[in-house]
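You will see two complexes here that share chain A, one where it goes with chain B and one where it goes with chain C.
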Partner chain A sequence: MISDFFHPNVGGVENHIFMLSANLIRRGHKVIVITHSHPPDRVGVRWLLPGLKVYYIPFPAIASSATLPNYFMFLPYFRVIIAREHIHLIHAHASLSSLGQEAILHAHHLGVRTVFTDHSLFGFEDAASILTNKLLAAALKNVDAVICVSHTGRENTVLRGQLFEMSEDSSALVVRPNVYVIPNALVAEQFTPATKPVSSETIYIVVLSRLAYRKGIDLLVATAPRICSAFPNVNFIVGGDGPKLNDLLQVRERHLLQDRIELLGPVRHRDVRDVLVRGSIFLNTSLTESFGIAILEAACAGLYVVSTRVGGVPEILPRDMISFAKPEEDDLIRALSEAVAIVSKGQHDPLEAHQKVKNFYNWGEVAERTEIVYDAVVKSEQKDLWTRMQRTMELGPFAGPIYTIILVVDCLFFLFLEWLMPRHDLDFVQMHWEHHNFRHVVQ
Partner chain B sequence: MQRTRPLPDCHPELSVIEWPSFREYRVENWRLARDGSGNVVRGATSWGWIDLCLPLVISFIWPRFRDSTMSCAFVVLVLGFSTYCRCTQVLHGIFKKSGFCAFLIFETESVLVFPAYGIQLETHRGYPLLKPLFVSRRFIHVSLLEDFVINEGLRRLNIRYYLAAVHGSSTDKIALDVAFENILPYFPVLLEVYQGVQELMFYNHTDNRHTCI
Partner chain C sequence: MSSEADGWNKVLWERQPFPDNYIHPHSFLSSLRRNPNFKPYTYWPLVLLCCAITQHLATIFTFLAVFVRLKERWLDARVLLWVSIVSFFGGYAMYEILSYSNPVRGAFTRSNTIKSSLLVFLALMGLSPVLRTLTAATSSDSIWALSACLFFLNALLADYSSMKPLRQERLTSVLSMNAAISSSVVLASRLPDDLAVFALVLFAVQLFALFPILRHQLQVTPQVAQILFTLTLCVLSFALTLPLSVSVAYLYAGISITVTFVAPGVLVWAQKYKNEIRGPWDVAVPRLN
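And now, the complex of A and B:
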């Protein structure tokens, strides 16, 4: 697994990589993770339970844990790690992770197959999106399989990364057959509903997210006072931190809602369940969301969900557990009123909801489906260098030659490294953590 | 005193010497080339007489031949050739399994294991075929020694295994001391030393110290 986003940072992608790796180890595979280092001293080789080796490579991160594209300086480390660990396949995560995209570029030198997972949705119009989409298209030109977390995510990735080709009879563009959809999952045992029911006099609406523009905090700021005045028995609990915290504080002051809106600040992942079970409704106002794992966690904890109808959100839960709204103030108020009515009448049963969601998603199934993708990739044919160069040239009149030159210089640098640090001089890994030891220790 | 080589085929640089009250694991500063050719590769930290003499010779002949282009070219060629030799440092010879060839050994590192007292990490440096001129020793008492492990770490652009003695210090902090710090032998050598040290130092005290392999 290669990504910029891994523990000790906490987030959706990090959790996904860890849980997927743990389940693949349980199925008998050997998994290692390569990521960048964290100051002051998280550099080198570390081990995580249950037998997951993590390589922290000393590259500095520039913005929220993403590193600059280091096309050539990553190759020595990548070559040494993949060769010594006897790796057959690499799995890169997150489109903003330059380590992952470089790994896809370097993998063919060592005969290693590649899989890429995209976790988020991105736009097409602004300057940053245009640049990152071009980088993504270049990286995905020669990848062996792409996995997306929802059908909406798949459409988005296909369009951004230009994952389509001319069909056999040159009549129309056809999406590549190796783009798959495998959803995220959650550990249902960590999100059990409250054992005794919450009081029905006051209804608590829980909001737990990063307080950023993408998460639609402006919508929350606009609707919260109107809801509080329309329903005297409704209170808000808001957890999380971010740049929009000030806006929330200001709206609280302006409308004198200090006792109606409770601000919890940053909430640790292990405390999320305790915050969720205090409420009966979960509100998600994101402007873009590819999967919405927070919504799933809230539904698993027995809350009724109100969300904006964006991205992959409509795909994850059945209609009777969620109310949708357009990302506009009036529609959101309509949806919230509907939710308050449903909860006041007692039509939503938390325990029944938990039982249903428990069976929808689990990590073992995700690992099994990912294994099927790996199997298909390993059995397919590797592209040779000339095909790769031709495909890279198709990127466009400017990007094509640039990326082909990068590819060729990469090959030359690889040859240089083979001379400088010969393969037989590497310190090969002869012993790895055996999974049955873990089971033996745990029992 | 009895000296054996536990890995004679691939890693003859490791020798185990049984002294009356302790055991020494000695690694010499050379190894067999790992491409199977049987060539001997000298350790990269060693310096030779030529590294002292070459600048001296150049400083003598330079004023005399500065103007002639042929001589300058010759000097540059000689410098280039000596740099190339310094970088590769292969002594062409086939190692005899039975005999003990006298190589130019500049550095030897050892781990001495005193079963009830502790372990000692030593580095011997010197000139070829003489007794060692400089010796640096580091002793770790058994009460301070927490564990003796094989770790992996990043070294320049490479990832290497290294043996580390985990020990507490007087200031209550845990520190790591790397054994064979300059030579950095490969994993089979480290495994041999690791198993020997674990057996001597930790096996008598508690069985729980055995880590899973």
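And now, the complex of A and C:
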């Protein structure tokens, strides 16, 4: 697994990589993670439970844990690590991770197969998106498989990365056959519903998100006073921090709702479940969401969900567990009223919801489906250098030659490294953590 | 989610009997919309809108012609001063007449306008000796280069839209006015005496700070008036530039014609490459009451 985003940072991608690695280890594979270092001293090789080796490469991060896109500096580290650990396949995560994209570029020198997972949705219009999409298209030209976390995410990635190819009869452009959809999952045991039922006189609506524009806090600010005045028994619990905290404080003061809207500030991941079980309804007002793991966590904890119909959200839960609204104030009021009615009549059963979500999403299944992808990739044919160069030239009149030159220089650099640090001098890893060995020794 | 004919649902919570890389032929990219807000440009209305750019270029070249004449002492500074004052009153009268039909909300009452214009007049009169020696240590070549860059910036960033912004001015239109005023100050510092400096800077303030306001109002007059006005301005600036340098005059004529007639044509031709993609992955715009 190669990505810029890994622990000690906390987030969706980090959690995904860790849980997927843990489940693949449980299925008997050997998994290592390569990521960048964190100052002051998280650099080098570390081990995480359950037998996951993490290499922290000393690259500085520039903004929110992403490193600069440099195409060649990663090659020496990559070559040595992959060779000494006897790796067969690399799996890169997140389109903003330059380590991942470089790894896809370098992998073919060592005969290693590549898989890429995309976790987020991007637009096409602003300057940052145009640049990132071009880089992504270049990286994905020669990747062996692409995994997306939702159907909407797959459509978005196919358009951004231009994952089209000529069909067999050369009549039209069709989507490549190696684009898969494997959703995220969650650990259902961490999000169990409340043991004794919440009181039905007051209904608590829980909102847990970063308080930023992208998360639709403007909608929350507009609807909270109206809901509070329409339903005297409904209160809000808002957790999280961000630039829009001031707006919430202002609306609370303007309408004198200090006892109806409770602001918790930043909530740590391990306390999320305790906050969730205090409420009966979870409100998500995001303006864009590729999967919505927060919604799943709330549904798993037994809450009824109200969300804006954006991105991949319509695909994650059946209609009886979630109410959708357009990102408009009036429609959100309508959906919230509907949710309050359902919960007041007791038509939503938290324990049943928990069981359902537990069956829908679990990491074991995700690991199994990913294994099928790996299988297909390893069995398919490796592309040779000339095919790669031809495919890269298809990128366009300017980007094509530039990326082909990068590819060729990369090959030359690799040959230079083979001469400078020959393979027989490398320190190969002879022993790895094997769980059954440990059990054998301990017993 | 609506289920498709072969039983495929666009859901993630149910494990479907299809492999993970199955792409349903009908529903894949079904919510993609290409160019949903596309209103194609037509040629002649674009040409009319480009008249604003032509007017602006005409004012720049008029200013440059006046500057050269002042420098060579072919034009008396007092004449220029009187022309400025008369055209200020003329322009203000025209602005008032035009804004009768579409009043512009603003805090500028008549007395405020008179007061601030008098203040600017007197301030410039007091500052002109200082401005004359502003660039004494710089050679003329760097002044010409600097001035050319600043006028280019002014032409690039000017606000050519046909609606007067009722809210705060955009940053680029403020920048363009600043560039023009700096350029004229820098040019004025090459002039020999104080009165000439004062006359030129006053003329510049009028042309680059006040004339754009009038131009915004003019853009809602009927088309014939706009075309006539543009033509008058162009002919005037061409006539002023011609005796000074034939090559510059023809260059200016060439640029004007390109901007007014050729550039809209290129824009209309390039419409066929427009490819705006909209879909469920876009960041939604929240609608609040």
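One rule holds in what follows: the second predicted complex is superposed on the first by the 436 of 443 C-alpha atoms of A that agree within 3 Å, B and C clash if a C-alpha of one lies under 4 Å from a C-alpha of the other, contacts with A are read in each partner's own complex, and residues count from 1 in each chain.
Here is the rule we go by: a residue touches a chain if its C-beta (ideal position, glycine included) is under 8 Å from a C-beta of that chain, and two chains touch if they have at least 3 such contacts.
Quantities reported herein were computed from a predicted structural model and do not represent experimental measurements.
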Message = Is A:Val441 touching anything from chain B or chain C once the two structures are fitted on A? First, second, both or neither.
response = first
Superposition-derived comparison: chain B or chain C, residues of chain A touched = C
Task = Go through the superposed model and pick first if A:Leu257 touches only chain B, second if only chain C, both, or neither.
result = neither
Query = Touch check for A:Ile237: first (chain B), second (chain C), both, or neither?
reply = neither
Query = Thinking of the overlay built on chain A, is A:Gly44 touched by chain B (first), by chain C (second), by both, or by neither?
reply = first
Ask   = Which partner does A:Met431 reach: the first (chain B), the second (chain C), both, or neither?
value = first
Query = Does the superposition put A:Asp218 against chain B (first), chain C (second), both, or neither?
reply = second
Message = A:Asn178 in the overlay: touching chain B, chain C, both, or neither? Say first, second, both or neither.
response = second
Message = For A:Pro422, using the defined touch cut-off, is the partner it touches chain B, chain C, both, or neither? Pick first, second, both or neither.
response = first
Message = On the A-aligned overlay, A:Ile406 touches which partner chain: chain B = first, chain C = second, or both, or neither?
response = neither
Request  = Indicate the residue numbers of chain A shared between its chain B interface and its chain C interface, in ascending order.
outcome  = none
Inquiry  = Taking the touch rule as given, give the residues of chain A at its contact with chain B in the complex, in rising order.
reply    = 43-45, 55, 57-58, 76-77, 80-81, 84, 421-422, 424-428, 430-431, 433-434, 437, 440-441
Query = Okay, in this complex, where on chain A does chain C touch?
reply = 121-125, 150-153, 155-156, 158-159, 175, 177-183, 214, 216, 218-219, 222, 285, 287-288, 290, 308, 310-312, 314-318, 326-330, 360-361, 365, 369, 372-373
Inquiry  = Give the list of chain C residues in touch with chain A in this complex.
reply    = 1, 10-15, 20-21, 23, 28-29, 31-32, 276-277, 279-289
Ask   = Touching chain A in the complex: which residues of chain B?
value = 34-36, 151-154, 157-161, 186-188, 212-213
